[in-house]
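Look at the two complexes coming up: chain A is in both, with chain B in one and chain C in the other.
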Partner chain A sequence: MKRRDDEWVSLLIVIGATLLVAFGLIALVGSNLMVAVSSFLRGIFGSSYAMSEVLVRATPLMLAALGVSIGFKTGFTNLGAEGQLYMGAIAITATALVFPGLPPIVMIPLVILVGFAAGGAWALVPGFLKARFSISEVIMTIMLNYVAINLVGILVRTGLKDPAYPYPMSPILPESANFMQLLPPTRIHAGLVMALLMVIAVHLLVFRSRLGFEMRAVGLNGRACHCSGIQVNRATILSAIAGGGLAGLAGVSEIAGLHHRLIEGISPGFGYVAIIVALLGKNHPFGIVFASIGIAALQIGSMAMQRTAGVPTSIASIVMGALILFLVIRDSRQSIAILEGV
Partner chain B sequence: MEPIVVVTTFFAASIRMAIPLALAGLGESISEKSGLLNIGVEAIMLCGAFFSFMVVFSTGSFFLGILAGMLGGLSMSMLHALLSIRFKANQTIVGLAQNFLALGLTSFLFLMSFGQTTTLPSTKVLGDLPIPLLSSIPFIGQVLFSQNLFVYLTLGCMVLAHICFYKTDFGVALHAVGEHPIAADTAGLQVHTIRYIAALFNGILGGLGGAYLTTVKLGFFQENITAGKGYIALVAVILGKRTPFGILGAALVIGGAEALQIRLQTAGTGIPSQLFAMFPYLMTIAALLLTIGSAHDPAALGIPYDRDKR
Partner chain C sequence: MPVLEMKDICKSFFGTYANRDVCLEVREGEIHALLGENGAGKTTLMNILYGMYQKDAGSITIDGHEIVFKSPKDAIARQIGMVHQHFTLVPTLTVQQNITLGLRDSGYPFSRERARCEHIDRLSDSYGLKTHSRALVKNLSVGEMQRVEILKLLYRKAKILILDEPTAVLTPQESDHLFAMFKQLKAEGCSIIVITHHIQEVLDHCDRVTVLRDGCSISTVETKGIDAKQLSTMMIGRELVPVARERQNHHMDAPVLELVDFGFKRNGGKVGSVNLSLRQSEILGIAGVDGNGQKELLETLMGLRDHEKGKMVCCQQDISNASTAERRLVGIGYISDDRHRDSLVLDMGIAENLMLRPARSTAATQGHMVNKQCMLEQATRIVKEFSIKSHGLQEPMRFLSGGNQQKLVLAREFIGSPKIIIAFQPTRGLDIGATEFVHNQLLAMRSAGCATLLVSTNLEEILLLSDRIAVIHEGSIMDTIENKAVDITRIGLLMAGVRTEGAAR
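On to the complex of A and B.
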């Protein structure tokens, strides 16, 4: 019981320290603290539309963070969710444009499958290279992000370009490839349902299946697993593919639910923020649900704060970075045990 | 243009592109040799770029600006060292969080100082400093000795680092704490102190690499100005196998790819420029594949040292 109290106290200190950083930054730009905080909160809770926007933003974060967390389970540090997301977006666009006549009942599962496969394939490369040749996945996944982003840039100017417009974007996708809008005036779409289903699926995979057990074991001690007959490389590669696939679904969801066409910059760094989300959610699927909504709220709120109080939105990045660092310090006692596994 | 002029300007441009990668890569290699894996090079370079720009902008002094860049980089690398050594944190996670922190912080402070402007505030850039006599050697003089101060500085750092790594006691100590900290400790080496010193060099050199971007190459600052250069510096470290001249070579290859893609982009071929922009990244991936089987990491890389543990 004593330990539990300690944990709550230290968590409160972390939250307090993070708030202090945020308030300090607000004071630094010379904004009124009360105005800034109230615009932040109103940006999130001010209307049902504002609240729905938090969920809209949480959707891709949740999917991509689930992907990142599966990689973390086997020690595959996947910083490539951004690129995998874009590959998913390319896949759904290409599929829907090539087969425009398919009915939704065929189209939707098809684009989900193709998006998952594209994201998974993008992660397979660094996964295989790490497992087989121990090439650093950290660097490989980052490099592949830049390749994927530039690939989108090329495709919206060439193969997937809308010939009717001079702008770099694809044509609007056929309606059969659209995700259902759930609560019409708001932009909440079926991607959120897909994300929540994936939360359950990931939970079952990681904590209720043999493969999930192997993945967790590999993350804790690969050498011991190898000695006891677990195929370490297979577990690493599969976790990379599954993780990349989930990030690919984030791209599918953004296109099918929001943009309905491929444009550059559909992701304002969702793939990178997803890493923060996965860490905050302690790599647990249910933790990620809350973390993704929390981070989405932070971003939506800081946008409102920029509009009303003139505080730059970059405050959100600072808060995320600081929060992780404070948590790292807080966990330093416990993290020693975890680290030895990684 | 004569072919020889094209080749000369291309090599000179490659060297200029390679400088920030080589400086930051050298810093990171010192850190990694001691066992500290800092993937927050991006954060170090961003802070170096930002603070040197701010100081040059407000004082007009390149000397003070470059000093500020080093201090900016230092703040990030020492924070990483503190969390990695004192708090035994996961070094990758700390590096990542720092990248977020620095990206947010620099763009926040920049917007705070200048607001949303359509024209970026800019400064003069550090000019070229041809070395008398040497610069008049045909070809080599143009490529090597008609450059800016940073080019000479980088070459000097590489030579010094080479001597330090392989000819001095400190070099031996550095390798020892990265390969076998327990043995190093037993032999009387201060493991943590040596790691802090390594982080110090990492911050100074990475900060210089960042400062180069704003004070020499561009003369302005914008959000995320490094755009992944910190990560590419990490690639240079691996490709160069953590040896100073190896890193310089790797940086030159990547810098050459960068110079080539800019050439091609501006050539007006009608091909989307993204195809060329992708080129340096594909190049680094291909180069990484070439390291298969020959890479050797320090044995204690990324592992915190705890005296009471075996």
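On to the complex of A and C.
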């Protein structure tokens, strides 16, 4: 019981310290603290539309973070969610433009599948290299982000460019490839449902299935798994594909639910923020639901703060960084305590 | 006057006592043994002394001053050194770097590698430790690693040396060397605390012994005037009745495992080659001095290393090039000598570690899902059957005592009636009761038709259990003999690489 209490106390300390950093920064840029805080809160809770925007933003974060968390759970440090997301976005755009005549009942599952496959394939490259040649996946996944982002840049100027406009963007996708709007006039779309379904799927995969067990075990002690006759390479590759696929779905969801066309910069760093979300959610699918909504709220609120109080949104990034730092400190202290058995 | 006094030490983990009012008193210049069953709290007590754990209650006095250690750093400053049950060396660094890790000597931040190496070589020479300061630790045998760990203490000028089961990994000759070195240290005024499960070592080499049972210290006695029987009674609280072993010969069938000119790579670019056959219901012991290719041979048999040449035939199936998983599915169980590295996922629980086998051979898997209830039931049964001490099935393996971790590995390899068991030092770190238990299990498996390849550096164990004994030297089998009225000197000679002409059958 004592342990439980300590956990809450330390969490409160972390939150307090994070708020202190936030307030300090707001004061530093010379804004009025009260105005800033109230505009932040109004930006999140001020209207049902504001609240819906939080969920809209949480959707891609949730999907990408699920992907990242699978990797973290299984010893595959996937920092390439951003690139995998873009690959998913390219895949849906290309598919929908090549087969514009398909009815939604065929089109939607198809784009989801190819999006997953594209993201998965993008992660398969480092996954395979790690399994086969023990090449570090950390650098590979980061580098592939740049490749994917610039690939989008090339495609929206060449193959996928909309000939009717001079701007680098693809044509609008056929309507059959659009996700349903759930609560018009808000922008909440079926991608959120997909994300929540994936939360359950990931939970079943990682914590309930035999494969998930093997993937987790491989992440913790690959050598012992190998000696025990578990196929380590298979586990690594499958976890890479599943993780990349989920990040790819984030890209599908952004295009099908919001943008309906491929443009550069559809992701304001969702793939990177997803890493933070996964850490905050302790790499647990249910934790990620809350963490993604929390981080989305932080971002939405800080945008409102910029509009009304003139506080730059970059403060939100700093606050996120500080929060992670505090949490890591807390966790390391806790694991020391656990080792000592107190 | 005692140099060290630990009084009424208490320590509990998650509400259960690991140490309860334990007292320990060590005099200057003595070798003090710490004896107790698996999970009795020996390691915990030493970790408290070394500053790894904080005690809940009690006091520690050194040279008459009460002290509190916040971390091992404080203990080292007080000239206390510890060699852990599981080594704490960095494999990719050299011996010298491992020994001086974390130290600042004159000239910091520049390290004077040459001087350090010379110092270490001098130290190791003067205690007859035979280690080379520039060798990489990952190329060393366990015995050599042990010596590096001890050098680490000597280099730090420890006066009180704690060794947690140092002889568990050593051959009898190496153990004798170790104790000879302890005697030298003792003469220089050091005090040595040794944890061991070998009662004979306690009687032969130690001055006094403290016995722990279930976290309490039972008593401290002089080793003069006590015998093995009394000691083991103190340790387990009842008399140990040696179980009569049925030695009747089973009907021996065709070989289940055949190695034909089986070549394997050894460390340092050498190649070993063996011819062996293993029949059903047979225990084939492989005797040999540690580091003669045993580990490499077994790892090659398990498919963990590529084999060089020749054939490995298991039940008429050539599995020379099969993967580890395939070999497992054929029915080969493997007990490694390094449980932390090869056998366990320390951050997973008991139940999950029992599932660490190929999917098809796990009862708790249903289709693609894990049947949690089945998994827990199985774990409960095994914990009971093997009397594994723990705080519950989900408790991470990390928190189990060394011997209890070993029991779990054995249990896992025994389920699902394997055809062949490859056992490397299967009783490493087990107390006498548990060793008995494992020996009986191995014999029971033999009666059930399982063939066992038993590799141990403990000759007694091999003589006790084997039907036949093969002696390995420099990666090849010197000879294979029936275990009937064997001539120990002959085995000793074979282990040293000498084939006596007259003895050839």
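The rule is simple: the second predicted complex is superposed on the first by the 332 of 342 C-alpha atoms of A that agree within 3 Å, B and C clash if a C-alpha of one lies under 4 Å from a C-alpha of the other, contacts with A are read in each partner's own complex, and residues count from 1 in each chain.
Going forward, a residue touches a chain if its C-beta (ideal position, glycine included) is under 8 Å from a C-beta of that chain, and two chains touch if they have at least 3 such contacts.
Computed from a prediction, not measured in an experiment: that's the story for all the values here.
Student: Put chain B and chain C onto chain A via the superposition and say whether they clash or fit.
Tutor: Once chain A is superposed (C-alpha atoms), there is a clash between chain B and chain C.
Student: Under the stated touch criterion, which partner chain does A:Ala224 make contact with: chain B (first), chain C (second), both, or neither?
Tutor: second
Student: Looking at the overlay, does A:Ala27 come into contact with chain B only (first), chain C only (second), both, or neither?
Tutor: Neither partner.
Student: Taking the superposition on A as described, I'd like to know which of chain B and chain C A:Val106 touches: first, second, both or neither.
Tutor: Neither partner.
Student: Just chain B (first), just chain C (second), both, or neither: which does A:Ile276 touch?
Tutor: It touches chain B, and chain C stays clear.
Student: Once the two complexes are aligned on chain A, which partner has more residues of chain A within touching range, chain B or chain C?
Tutor: After superposition, B is the partner touching more of chain A.
Student: Flag for me the stretch of chain B that overlaps chain C after superposition; candidates: 132-140, 186-194 or 276-284.
Tutor: Once both complexes are placed on chain A, chain B clashes with chain C in 186-194.
Student: Common interface residues of chain A with chain B and chain C?
Tutor: Shared contact residues on chain A: 342.
Student: Write out the stretch or stretches of chain B touching chain A in their complex.
Tutor: Answer in residue numbers: 39, 79, 83, 87-90, 92-94, 96-105, 107-108, 111-112, 223, 228, 231, 234-235, 238, 272, 274-275, 277-278, 281-282, 284-285, 288-289, 291-293, 295, 303-304, 306.
Student: So in the complex, the part of chain A that touches chain C is made up of which residues?
Tutor: 204, 208-211, 213-214, 216-217, 220-221, 223-231, 340-342
Student: Given the complex with chain A, which residues does chain C contribute to the contact?
Tutor: Contact set of chain C toward chain A: 11-14, 53-54, 302, 304, 323-325, 327-329, 334, 336, 341-348, 352, 355-359, 361-362, 365, 368-370, 372, 399.
Student: Would you mind writing out the residues of chain A in touch with chain B in their complex?
Tutor: 25, 28-29, 77, 79, 129, 133-136, 138-140, 142-144, 146-147, 150-151, 153-154, 157-158, 272, 275-276, 279, 312, 314-322, 324-325, 328-329, 331-332, 335-336, 338-339, 342
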